[in-house]
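For reference, the structures are reproduced in the following blocks.
Next come two complexes built around chain A: one with chain B, the other with chain C.
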Partner chain A sequence: MASRSKLSQTQAAWLLLAPFLATYTLFLIYPFFRGVWISLYDWNLLAVAFNPDAKEFVGMRNYERVMWGKDITWSVLNAPVLQTLGLIGVVLSIILSRMGRLSRFNAIALGIGSVLLVILPGFHPAEGGRWYDRRFWPTVGNTLVFVGFTVPGVTISALVLAAALNRETRAMSILRTLFFLSQVLSVTVVTLIWQIMFSPRQGLIANITETFGGTPINWLTDQQFAMAAIVIATVWWSLGIAMILFLAGLQDISKDIYEAAALDNAKGARAFWYITLPNLTRTISVVVILQIILHFQVFGQPHLMTRGGPNDTTQVLVRYIYQTGFRDSELGRASAMAVFLFLIMGSFSIIQFVIGREKD
Partner chain B sequence: MNRSYYWLVLGLSVPAFLWLVPTLWMVSLSFQPNEVLARTTSSTFFGLIPIPFTADNYAALFSFGQTPWWFMNSIIVAVGMTLGVLFVSTTAGYVLARLEFPFKRTIMVICLIGLMVPEQAVFIPLYTMFADFGWHNSYHALILPRMAVPIGVFLMMQFFKAIPKDIEEAARLDDVGWLQIFWYVMLPLARPAMMTLAILTFLYAWNDYLWPLVSAQQREFFTITLGLASIQSNFAQSEGLGRVMASGVIASLPVVILFLIFQRYVVQAMTAGGSKG
Partner chain C sequence: MKYVLLTAAMAAGVATTAPAQEITLGRFFGACEDAGTDTTKTAGEACIIQSIINAADAELDGISITTLPTDWGNYYDQIKAAYAGGTPPDIHVMHRHRVPEFAGLGAIAEISGDLKAAGIDTSDWAPAALDAVSYNGGIYGVPMDFHANLWHVNMDLMAEAGLVEDGKPVLPTSPAELLAQAQQFKDATGQDYLAADFAQFPIGVRVVLALMWQQDANIFTDDGTATINSAAGQSAVTAITQLFDADLANPQLNYADSQQAFLNGEAGILVNGTWVVDFYTAEAAKEEVGLDNYYVADFPTLFATGATWADSHMWAIPASLDGDGRAAALKVLAFINDHNIDWARTGHMAVRTSVIESEAYQRLPHRDEYTGTAAIARDTPPSKRYGAIQDVLNRELQAIWLTGKEVEAALADAEIEVQDLLDR
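Showing the complex of A and B:
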């Protein structure tokens, strides 16, 4: 062996790192910066494909055309409900951090979020003004509504199920498998199933409603129900991973606490409320942030089930990026939106990262 | 086991059954004749039991239509991506966990930042890049961009860190090179972690939708996930509901079987991937 020439530790390290560094730089780092670069150009997909010089540098114009408008003003009373919520958040973050009920990081995160909630909904076009892109902010709003219903829906049902299923018996493990099974299906299978489930003519839901003498709902084409239908399908699909994470978190809670509590007659729902929940706060925040990141990027469900309709009520951000880029061929504007998406996702990733480190 | 336990199991069976109903319905519809489905989808017990029964939908799938072809594409892409991710992640994970070299910290930080970039934020520039290379509509276009997953590196790194140092040091004393240690000592130890990562990657590759949608425009390069999306919009008219449902069942079989066999690894993978990345 000794006669063979050997690599030094540094040489071996770089040699073994090379495949990762190459793919990582080429397919993640470089595309990311290229995306930022494209967003600074008026870049038509088809025109540039035929003639690489057919793009024009426009600086921040794409961002302006997507997010801003003519004669935009700001007022407190534009969205009173949201802004009041924001104000409450600001006050809460100050009071709770003073009382020592919140860690400094959580207080800052809540504070920044609340301030944004006061400021951002206040912008609106003055009389005679208009948004340059009428669809962008409503699309962001739809995405938030989707996240706002899906994340609590998944989190609460997964938490209750995990608490109930947290026993090492054969029956419980079969039940866990049943709840988890839909998680491994692809988005196109999920939408295939639910498109037909929701169909007013052929759907299972309609069939059952009719048997009991009701009138079937046009789930996917009715403005009131389309988003609800997508949320239902998504909760059904993605409950599994949240449940698994909660089960893992529950394993870390010592059995002794429950036994001690049982002596004080705290069982079932009371034990859940006074022992399980407080001991699970970190897992809950991890699951919530993970879900926000995951569902903010929703694309397949509205793309396949409702095509963003009816009347744009289920149009979401990633689908709008996809359409702007590949149907309207406006890669510059689509990239500006993608950078916006990255900034939101990035801030949630930072929160997730900090929470993840708190444990260590 | 007391009485309240049996009540709990019984009580949970109801939502568990409801949870299974949509999937069950898809399977049941796929075994019913198209002519019947055109009239009604609730023949027997709301259509949840496949009576009248037929296997024609599956026979039709394999005699004409592109489903078997798309299925093969999915296998090629998913296996290719899995092997690629395993290779890239084990090598880099080992180096970052066990070797010392200049700029190690810098690389770790860059990796962490990479975890924050969602694929939806880079699919446009990736599209233009692959268009410049003339790579679209090929297997490598479907596989390559998905090999750059920092999460895989982190999973492997965590695992290698947990292996006791003495094993390596004994080998070093015998004057064994670093590459040999990696290949003959570390990799065999890493099999469970590699299994976990492989299953996670396979599931991800099989179910990936956005990138194949953008990159594969010719039907010959559709994966089954993408192909299923292309036929579901007009299922009632052209293909027949039963046949589309049969395609859905075929598209789900590999991942469901994989999940049922390797459930333990899937759960581990999701737990590790979920809380770390």
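Showing the complex of A and C:
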């Protein structure tokens, strides 16, 4: 009994933290460094399992084989649209930060993002050269497109829903539950539902199109619609959490502000624009960044709905990592891609961290 | 009360003489909840195989079998992860095309010395079946079937188009004839001549491969040189794309949709495997299904030599399994081998000569309509990268018919990527 009082506060803290730290180290820190280590080896999943000596240290070659190519050059006009956008971004970030319209952090983030947009798309194989892995960068591009459509899609629709459902009536609480319900489904169920929805023969969407005299779209096998189909299913699926976060944010806004605004004749859409949105900026940036980190890891929807097709248009990074590691057994290469994905998500986590501190 | 319990416990101990040997079994083919133990009544791949497994579980003394999840899509990824983690199932199904990969690494057991004791007579296996499970002079599994691409035919539509003679469908013997018959079919019926999954599952790849083999060409040579972008490759692809260009077939249908189109009577021919013969036979018998008069034909020869894509299902056990577990697993293999006739009901071709020659086998529905398939069955040269190579071909062929990529450019890209895979 006496020993209990001898623990200092620090000791007690460590003791209580120990289970978490042990689990965290064992299941996250260790596997992460192990992954980085594997990425430096030519490592066949099955061969190494049967003979631990079957791996070979290759240094950075996996990274080179995945991300680089033969005779790669850089030119400013390789992807004019993206690079011009990047240039505009650079100019904007300089002007806006000079004018004091952007915080220093936002200006730097926009600047770095824009510079990358100028530099990265400029790389291409020269005449006679080629990427060692022709699929990697297009796959990164598909993932960016997916994130680029899904995140605004989820954020805007969740925000609109939250604003509409933020009332204390029974009907609204039932509706809130209904909209949240999709979130609890597993990816298998979600993709099954949407595969049936999108089916050009039995699907609800095809039936509606046919009622109005249109020809049904082959959503999942048409190059132009496959990614859209996956984005739609994902938005429907992941609305719930974003909506709950927005509802929490909405309830933090004092009623007094709305009452004061109403006296100044600011109601409905005007109140939403001038009061709700400015008061929600913090929640919005949290939602956006959480969604970005979450959706970069998309796997199940394209894996189950389109198998990455047609012609790789819905192939995404995690699915490529999975295929490389498990179908092709090339664990070293897959780990190199995983490290790349970690860097992308890590940089967004840093942005979230900084934004979180800035406002405090 | 205490004594009653003790007595009951002792009685239970006496009843179960020895603890049952637990066997875990990995397979695809899909789930079948109540397959029962009667192996002669079930229909469709999933239920037939599950009824055989249930029967083995019930009839083999001291062996209890647990079937692991049966999903198709990620099967090999799961099996590999299980091997890498040191916990493979005690017995699992696989394709012959995976033998080089699994046997080459020493993952699956060489069982030529165990077969006789287990009651499996290898001399009853057709030579091609023995070949399917052999690798570097050893035997690495028990073959269960040959399966191949067939042409499933809607005879009513074909008759309407004037493409039936002596009760058999008139099928093309050249790419030009294919186009002409397809046009004739469309003009007469208004329906698509041909349907298949050209959009997801690699049925389209298998069609193009067959048409390349028919020209005595292949996608890579035995010494590992990719040869896809060739005159033969291009004429194989254009034989198919001419149908899409003339709107006589729809490349955007996936497996389920192409099958539905055929069953609805919206396509004259469906290119699909042997595994659906019993299913389509059953569907055609139903009043509400559009397909009424069903016929199965060998994949037609459009070029010089007959050829159709084929593979084999086989059962293997991990090299790490020994002792009682191995003996029990071999008994299960023998049981499956004994039920080759039941598995053949799916439409697959049997591997045992005694079964193939049996009257029961020859009386199976439509069996006499595709007897030529066994002789023209082909596959690519063995490779440890089979899955990845199929995927490259599937993507580039999809690029041609779904996204309008130039045939030559797509085949050239496919050749570079396959060469990369062969060189790795």
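Simple rule for what comes next: the second predicted complex is superposed on the first by the 341 of 360 C-alpha atoms of A that agree within 3 Å, B and C clash if a C-alpha of one lies under 4 Å from a C-alpha of the other, contacts with A are read in each partner's own complex, and residues count from 1 in each chain.
Going forward, a contact is a pair of C-beta atoms (placed from the backbone, for glycine too) under 8 Å apart; a residue touches a chain by one contact, two chains touch by 3 or more.
Worth saying up front: this structure is predicted, and the values here are computed from it rather than measured.
Contacts of A:L181 after superposition: chain B is touched, whereas chain C is not reached. Of the two partner chains placed by superposition, only chain B is touched by A:N207; chain C is not. In the overlay built on the shared chain, the residue A:A47 is in contact with chain C alone; chain B does not reach it.
In the superposition on chain A, contact is made by A:I38 with chain B only, not with chain C.
By the touch criterion defined above, A:P310 lies against chain C but remains apart from chain B after alignment on the C-alpha atoms of chain A. Within the superposed three-chain model, A:Y322 lies in touch with chain B and with chain C [touch as defined at top].
Within the superposed three-chain model, A:S335 lies in touch with chain B and out of touch with chain C [touch as defined at top]. Put simply, more of the residues of chain A are touched by B, taking chain B and chain C as the two choices. On chain A, the surface patch touched by chain B in one complex and by chain C in the other comprises residues 48-49, 202, 304, 322, 326. Of all residues in chain C, those touching chain A in their complex are 73, 76-77, 80-81, 83-86, 101-102, 105-107, 199-200, 252-254, 256-257, 260-261, 385, 387-388, 391, 394-396, 398-399, 402-403, 405, 413, 416-417, 420, 424. The residues of chain A lying in touch with chain B in their complex are 1-2, 4, 6-7, 9-10, 12-17, 19-21, 23-24, 26-32, 34-35, 38, 48-49, 161, 164-165, 167, 169, 171-172, 175, 177-182, 184-189, 191-197, 202-204, 207-208, 211, 236, 239-241, 244-245, 248, 286-287, 290, 293, 297, 299-300, 304, 318, 321-322, 325-326, 331, 334-335, 338-339, 341-342, 345-346, 349-350, 353, 356. Listing the residues of chain B that touch chain A in their complex gives 1, 5, 8-9, 12-13, 15-17, 19-23, 25-26, 29, 37, 41-42, 46-47, 84, 87-89, 91-92, 94-96, 99-102, 104, 107, 110-112, 114-118, 120-129, 131, 144-145, 147-148, 150, 153, 174-179, 182, 203, 206-207, 209-210, 214, 225-226, 228-229, 232-233, 235-236, 241, 244-245, 248, 251-252, 255-256, 258-260, 263, 266-267, 270-271, 274-276.
On the side of chain A, the complex with chain C involves touching residues 45-50, 130, 132, 134, 199-202, 218, 220-223, 303-304, 306-307, 309-313, 322-323, 326-330.
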